[in-house]
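As written, the chains take the letters A, B and C, and residue 1 is the first residue of each chain.
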Amino acid sequence: MPPTNPRTALEHLGLTLPPPPAPGGNYMSAKTAGNIVYLAGVISQTPDGIITGTLGLDRNIEEGYAAARSCALLQLAVLESHLGSLEKIRGIITVNGYVNSVPGFADSPKVINGASDLFLAIFGEPGRHVRAAIGVSGLPRHALVELQMTVEI
Amino acid sequence: MPPTNPRTALEHLGLTLPPPPAPGGNYMSAKTAGNIVYLAGVISQTPDGIITGTLGLDRNIEEGYAAARSCALLQLAVLESHLGSLEKIRGIITVNGYVNSVPGFADSPKVINGASDLFLAIFGEPGRHVRAAIGVSGLPRHALVELQMTVEI
Amino acid sequence: MPPTNPRTALEHLGLTLPPPPAPGGNYMSAKTAGNIVYLAGVISQTPDGIITGTLGLDRNIEEGYAAARSCALLQLAVLESHLGSLEKIRGIITVNGYVNSVPGFADSPKVINGASDLFLAIFGEPGRHVRAAIGVSGLPRHALVELQMTVEI
């Protein structure tokens, strides 16, 4: 399989990148050390606003999946802004997904697949990554999902 | 002290590695970038099934310790499968342990010691690592413990 | 802007570093791999004891901010002990802040700014980092904040 061109893959999926989100505190969105780009956590949002809510209370898995996917798109926007081009990415390394959820919520993997599936669709096999999916009791601005990651360039 | 051979150490402890667990979503178990192997989070389990439960509700610290140790064994299985041999490991760098627990649970370090103690027993001083132990409100498949880590090769 | 000397910056702020905290389990406080120093999570404390509590229950954002700042000072103490001098630090890369909080707590970024603001004051722009701020349901020893991070040397 030839390497996927991420911009072409985005177009084939009918996706456009949102503006990269401004950091929600006194930090930066991306920082490179050696061949690794470290990305700050981004919270789920669309151009219409934050995707808020709590899995198992007022949000279901399908909505969580869409929220995780929104985080992945935002991280791609951060990466394009930071690197100049998504083609500089050799692969996605780690994805940590935090799901705002009721106690005992056990399906965070199905939620975070919304990000993982997108990275595979955009980058092909180099987009496959290691991951942790965790249910937590509170995210910034009542967001439904937060996604933190590292990328190799 | 001469470097420990991890396979010999496992035998001395009477331990056998379980099969490496299949990823619980659209991701991979291990990915190398440079000299670092990044490992996906694994959830506590034995060949009999997932070790489920909630610390402070239906599980005690001893059970949590055993669950963290099961995660450590699973990560060793992942590493042996990924690297071909545990002898390629120069050291454990980071361990992040998440404990499914009631609000206010304060003893996650005692739980995650179940993993840390094993890494020291298997690798000697190079097995000593930095760590964070966090109480969370939900883990995949109702697991009691999840463990994510990085290793230097 | 000339690079900031971190010791001079500490003095200008009237700050002295506390003793580096002893690990609360079978692990180490700092470990270097390549150019990266990985730091274990430290919990909020002063020489008088652990800063405990729960955001949204018995602690407010101002108290959380001070707790995060105490974690940052402790990590600087760990780094000085590990490296010999803070001048070996080229920059802060990642900061993960965990806030012990009630379900639905949405202001962890305002809390973790207590650490981020200090790193900027001490190191200038190289102190700016990527970050995730997460509300969790339990931290070691009932601590209010835990801070885990990586640094480039």
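Note that in this section a contact is a pair of C-beta atoms (placed from the backbone, for glycine too) under 8 Å apart; a residue touches a chain by one contact, two chains touch by 3 or more.
No experiment lies behind these values; they were computed from the predicted model shown.
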{"item": "Rotation in the CA alignment of subunit A with subunit C, degrees, nearest 5", "value": "120"}
{"item": "Same-residue or different-residue interface between subunit B and subunit C, half as cut-off", "value": "different"}
{"item": "Intercentroid distance (Cα basis), subunit C paired with subunit B, Å", "value": "25"}
{"item": "Numbers and ranges of subunit C residues touching at least 2 other chains", "value": "34, 96, 102-103, 136-137"}
{"item": "Parts of subunit A lying in touch with subunit B, wherever the complex brings them together", "value": "34-36, 91, 93-96, 99, 101-110, 112-113, 116-117, 120, 128-137, 150, 152"}
{"item": "Contact set on subunit B toward subunit A in their complex", "value": "23-31, 33-34, 38-41, 54, 96, 98, 100, 103, 136-142, 146, 148"}
